[in-house]
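Below are structures written as C-alpha cells.
One chain, subunit A, appears in both complexes that follow, with subunit B as partner in the first and subunit C in the second.
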Partner chain A sequence: MPVNSHKKRFSAADYLLFSVVTAAVLCLCVCAGSVTIPLKETVNIIRQALYARICMLFGAPASLPEGTAASIILSVRLPRVLCVAATGASLSLAGAVMQGLLRNPLADGSTLGVSSGAALGAVIAIAFGITFPGLPFAGTMTMAVLSAFLSLLIILGLACKLDRSLSTNTIILIGMVFSMFVSSLMNIVITFAADKVQQITFWTMGSLQGKGYSEALILFGALLLFGGILFFHTRELNAFAIGEENARHIGVNVRRVKLVLLIAVSGLIGICVSVGGVIGFVGLVAPHILRMITGPNHRRLLPASAFGGATFLMLADLAARMLLRPRELNIGIVTSLAGAAVFLVVFWRAGRGK
Partner chain B sequence: MKLSVKRTRSTAALLIAAMLLALTACGSPKEGGQSPSENPSSNASADTSVTVTDMMGRTVTLKEPATRVVALTASDCEILFAIGAGDTLVGRGTYCDYPAEVLDVPAVDSGSETNIEQILALEPQVLLMSTMSQTEEQVKQLEDAGVHVVVSNAQDIAGVYTAIEMIGSLMGKDEEAASVIENMKSTFQEIQENATGDGTETIYFEVSPLEYGLWAAGANTFMDEIANMMGLTNCFADVDGWGEISEEQVLERDPDYILTISLYYGEGPRPEEEIMARPGWENVTAVKNQAILNLQNNELSRPAPRLAEGAQMLFDFVYGR
Partner chain C sequence: MMLEVRDLGVRYGTKKILNGLGFSVKEGQWLMIAGPNGAGKSTAINAIAGGIDYTGSIRFEGEEIRRKKPAQLARCIGVLTQSHPVSYSFSVEEVVTLGRYSHSAGFLSRRVEGKDTAEAVNAALELTGMTKRRGQSVLTLSGGELQRTFLAQVLAQDPRLLLLDEPANHLDPVYQKQIFDLIRDWLKTPGRAVISVIHDLSLARAYGTEILLMNHGTALACGTADEVLTPALLKEVYQMDVYGWMRELLSQWN
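What follows is the complex of A and B.
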C-alpha cells in the first residue's frame, strides 16, 4: 500500500508537491463561500491588496480595495481560512505524534480527551476571570495549554498503570472515562460560577467564525514553534514506534524526549482549542490517510500530516460554510462525520489484524 | 503488583467520588422556603370552578382559580406578574429572571434536568410549562400526583394573546388579562399606524455575537413579525426560526439596522461597539450610520407582554433617529 515508503526523508520535491496542493485548496476556500463572488473579482481584490501592502511596506502611498466583496474576502474569508489551515495542521501533527508515542492508530486529542481537558482549562480561566493584563487571549490560552499537558500526563499515567501494552480497547476506554471525568469537572466549575454560565456555554459552542489575522498569527506561531520541536524529534519518534526499550537501547533519553514531545503536543492542542473550541477527529483522519501515502516513518509522516491536516480541515470548513447557505454548520459536525467513518475503518482493521 | 492494583483502585475510587460529587452538585434540590398552605379559601358558595383548554388542546378544570403555581418558562412567569398574579408563584424555572421579584421565588430545575420531586415538594396546584419542557411520562407523573399541568405554546403574537387569556382565566384574573392584551394590541396598532416604512429598509437581528458564531432570527420569530409590523424587512427571512448564519452573508445583505440581544458583562466593548469594530463591517449601512440597537433583557425573544415594550423601543430607535 505505502507508496515511496522506501524513501526516508520528506524531500524538497515532496514539500513542493504538498505545498502546491495545500495552496490550491487554500485558494479554492478563499474563492468559494457562502456569498458567491466572481473569481475574477476575487483575484483582483487579492492582487490589489497585495500590491497595496507591498507599497505600504516601502512607504509608498496606496489604498486597499474597498467595497463589500473586498470586505468579505479580506476581512472575513481569508483570516478564517488561514486560522482553519493552521488549526488543521496543528491538530493533525499532534495526532500523528500521539499515535507514535502510544503506538496506537486511534490515539488523538479528541479520542483521548486531551481536547476536552484543554477546554476545561479555558472554561476555568473564563469562570474565575484568569487574565493577563494587556493580552486578551493569554489567560484562556495558558490555562488550556497547562490543562492539556496535565490531561496528557493523567491519561498516559493511567494507560501505563492499567495496561502496559496499550491495546486499542484500553486507549478507547481511558479516553471515554477521562472525557466523562472532565465533563463532570466542567459541570462543577459551572455550578461555582453561576454568573458566567452563559459565557461558558457559548464558549464551549465556539466556532472559527469571526477569527481575525491576530488569531491566525498566534496559531501559525504556535505551529512553527511546537511543530518545529516535533520535527526535530522524528528520529526518536521512530524509535518509540518500535518500542520504548528499543528507544532506550539506541541511546534516546526516553524521559526527557517524552516530556518535550508532550509539552509540544499540549501546546498545539491547547492553543487550537482556546481559539476555535474542540474540533474532533482531525488528528485521527489526516494522519491515518497520509500514513497510507507516506508510510509510518515519522520523518515523512509529520510534514505530510501538517499539510494534510490543513487541507482536510479547510475542506471540512468549506463544506460547513457551503452546504446549508446562508446558514452555517458547526465545523465539528463535518469533521466528526468524516472522523467517525475513519475511526470505524481503523478499528475494524485493528480488530482483523489480531 | 499488589501496589499497582491498589493504586488503580484508589484512582478509580477518586474518579467515582468526583463523578458522584458532580451528580449531587447538579441534582440537589434547592431549598423551597415556603411551607405548604393548609387550606386555600373554600368559602365561596357560587360556582368558582375554572376550565381552560391549554395550547396543546388538553382541558383542565380546577375547582377554583389556582393559588399555588409553579411556572417553568420565563414567559409564563412574566405573564403571571403582568396580570397581577405574581404572588401565587411558589416555584419558577431556573431561567426565569423577569421581573426582579421573580428571583425571590424558589427556583426549580427546568428543561432536560427537570426534577419532578422538586416540583412536587412545592405542592403546586398548577404547573405551567411550554411544549418542549417535559416528557409525557413526567407529565403523567405530575398529574397522578394531583398537579394540573397546563401547556403554553405561543409561536406568534396571536399565540401570546391566547396564552395570556388562558393563564388569566386559570388564575381568575380574566379582566386583568384582557387589559394586558388590550395594552399590547394598542401599542402594536399605534406602531403599525405610525410606521412609514415600505419594506425597502432591512434589519438584521443578531441573536448570538460573532465570537461564538453568528446566529440570526429568521422567519417565524417574534422579531420577524415585529419587523414586518413596522415596515422593515428581516434580511434573514429566508432562514426559518433561529439559525447560525455566515458572517459574509450579513456583509452581502447589508442591513440598514442591526438589533443585537447580546448581553453586556460589564467589561470590554459594549455589544454595539463590538459590532462597529468588527473588521470588514465598516461598509455595512447600519454600521456606517451607527444604527445598532442593543436590547439586553429578552424583550423581543420571549412570548410575553413585554414584546410590546420591545417593539416600541425598536420603533423609537428606527423612527426617532
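What follows is the complex of A and C.
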C-alpha cells in the first residue's frame, strides 16, 4: 500500500455513518433473543416509552407501554444492550489509547492484565466490605479504578525498565507476568473470604446479564467524561504512537499528558470492570479492525473505535445469547474467541514484519 | 550568546558519561561535535534537548533549559535523532505536521491548525524533497527517506537552535550534500544556530564554523577547524594517525 490517503478528521458524514450502523445493530440486538420480537413492534415500544418519559418529565400524564413484549424489551433487553454498547465503546477506546501509548497493536487492558487488576480491586472491596454509605456501587467502583491505575503504573514501569523499544515480545511477557501476579493475589483474597467465592468469580468472568438503567447511566457517564478527555489529546496520542522521544522533542509535556491519559484509561477500564467484570480482548479486536479502515491517526481512530467497539460487543453479546439457545454463554467467552484469532493475526504480522 | 553550557555532568548509574563539559554557541554558528565512540557526544545533545537529568548548567539565552516548559523549549530547540523507530502507518505529512505541535499546544488552540501550519509543512516538505511522498506511509520509506521526513518535521517546528545527531546517517552522497547545503542555507536566517554530532571529519571541516573535540565526556579542544583538527590533537583523541589517514584517502582521488 504505497499511498496512505486517509483523511485527517472524522467528518460529520463519518459520524453519521457510524451512528447509523451502531443504531441498527442496537435495534437488531434488542429485537433478537430467546423470544424474537418484530422490528416494527420493538421500535414502536421504544418510541412510546420515550414519549411517555418525556411527557412525565414535563408533568403531563402519560402511560408506559404494557404487555409481555414491552416488559421484555424495556426492562430486560434495552438496559442490557445499552450497558453492552457503553462497555464496548469504553474498552475499545481504552485499548486504542494503550496501543498508541505503548506503540504496539497488542497492548490492551486484557492482554496486559489491567482488567484483571481492576477486577482484583473490586474483589478486595467485596471481600473486605469496603463501601461508601448511600452509594451502592461506589466501593467496588473506586477500588476498581484505583487498582486499574496502579496496574497501569506497574506495567509501564516494567516496560520502561525491561525494554525501552517495547517490542511485541516484551508486551506479551509483561502481560503474562502481571496477570500471573494478579491471579495469585486474587487467590489469596479468596482464601480470606471463602464465603464470597460465588460473588468473586463473577468479576473474573464478565457478564452484563440483568443490568439496569442505573448501570447504563454510570457507564455512559464514564464514557462521556473519560472519553472526552481522550478526544482532547488526539495530537499527543499521535505523537506517542510515533515515538515517545519524538513526542518530547516536538514539545509534548510527556509526563503530564501520560498521567492524564493513564487516569482516563483506568477510569474507563475500572468502571467497566466494576459493572460487568472482565470482558477480554474488546480493546484489541475493535481498534485493530478499525485502524485498517481509518489509519493510525487518533483523530479518526478514536471516534471510530468507540462506535466499532460498541457494535462489536453488542454483536458478541447477541451471539452469547443466541448460539446455544436456550442456554446463555458468557459474553467474555465470545470476545475471547474473537480476540484469540485477532491476537494471532497481529502477532503473525508483527513476526513477519521483522 | 545563544547557548551556554557550563560544567555539564551526566551519569547513568555510577558511570559518568559527561564530566565538566563546557562550550558555547553564538547565533549564526554551526558547531560540529566530533570525537571517538563513547565520548559522550549524543548524551550532550540529549541533555541540551532537555531529555535527561544533568548537573551544571545549560542556558538558552540566559535561561536554564530545565526551567522552560516543554512546548516553550521546543520552540527554541529542535532535535533530529539518529534512529526513527516507527510502528504505525502514519503518513509523511502527518509526521511533519506534528512538528508544529509546540506552536499550538495551549488548551484553547490545541485543535486549531491554522494557515501557517499548512505553509510551514509545505515549505519543509519542499526543502527536504519529500513533497511527492507526503501521502505515503512511513512504514514503507527507506532509511534515507525516513531521515528526511523527520528533518522536515524539525524544520516545520521552526526552532532557533537545531541539534543534529549524525545527520548524514542513512543518506547517500547526493542527499548528504543536499541536506548539508540545506542546513547551511537554513542557518543564513538571522537568530539561528546549529549543533551537530559528526564522525566524518571532512564534512565537519567543510560545513562547521567551529569544531568541538570531545573525549571521555569532556571538551578537549574547541575552535575553528584549523585550530582543532591538528595532527597532534587528533592523535591524542583517536589514538591513531587520523590526520595522515584522511590525507592518504584524499590523495587517492587524482
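Methods note: the second predicted complex is superposed on the first by the 342 of 354 C-alpha atoms of A that agree within 3 Å, B and C clash if a C-alpha of one lies under 4 Å from a C-alpha of the other, contacts with A are read in each partner's own complex, and residues count from 1 in each chain.
The rule is short, and it goes like this: contacts are C-beta pairs under 8 Å (C-beta built on N, C-alpha and C of every residue); 3 or more make two chains touch, one makes a residue touch a chain.
Owing to the predicted nature of the structure, the values given are computational and were not obtained by experimental measurement.
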{"item": "Touched partner set for A:Ser11, first subunit B, second subunit C, both or neither", "value": "neither"}
{"item": "Which of subunit B and subunit C A:Asn169 touches, first, second, both or neither", "value": "neither"}
{"item": "Which of subunit B and subunit C A:Ile188 touches, first, second, both or neither", "value": "first"}
{"item": "Partner chain(s) touched by A:Ser214 [first = subunit B, second = subunit C, both, neither]", "value": "neither"}
{"item": "Subunit B versus subunit C as contact partner of A:Val35, first or second or both or neither", "value": "first"}
{"item": "Touched partner set for A:Arg327, first subunit B, second subunit C, both or neither", "value": "first"}
{"item": "Chain touching more of subunit A, residue-wise (subunit B, subunit C)", "value": "B"}
{"item": "Which superposed partner A:Gly67 touches (first subunit B, second subunit C, both, neither)", "value": "first"}
{"item": "Subunit B versus subunit C as contact partner of A:Ala239, first or second or both or neither", "value": "second"}
{"item": "Subunit A positions touched by subunit B in one structure and by subunit C in the second", "value": "none"}
{"item": "Subunit C - residues contacting subunit A, complex", "value": "49-51, 69-75, 78-79, 81, 84-91, 94-95, 98-99, 101-102, 105, 110-111, 135-137, 140, 150, 153-154, 157"}
{"item": "Footprint of subunit B on subunit A - complex, ascending", "value": "33-35, 66-68, 71-72, 74-77, 79, 158, 161-162, 177, 180-181, 184-185, 187-188, 191, 198-199, 202-203, 205-207, 209-210, 212, 321, 325-330"}
{"item": "Touching residues on subunit A, where the partner in the complex is subunit C", "value": "1-6, 8, 103-105, 165, 232, 235, 238-239, 241-243, 245-246, 248-254, 291, 295-297"}
{"item": "Residues on subunit B engaged by subunit A in the complex (per definition of touch)", "value": "4, 7-8, 11, 15, 18-19, 21-23, 25-26, 208, 210-214, 236, 238-239, 243-249, 251-252, 254, 263, 265, 278-283"}
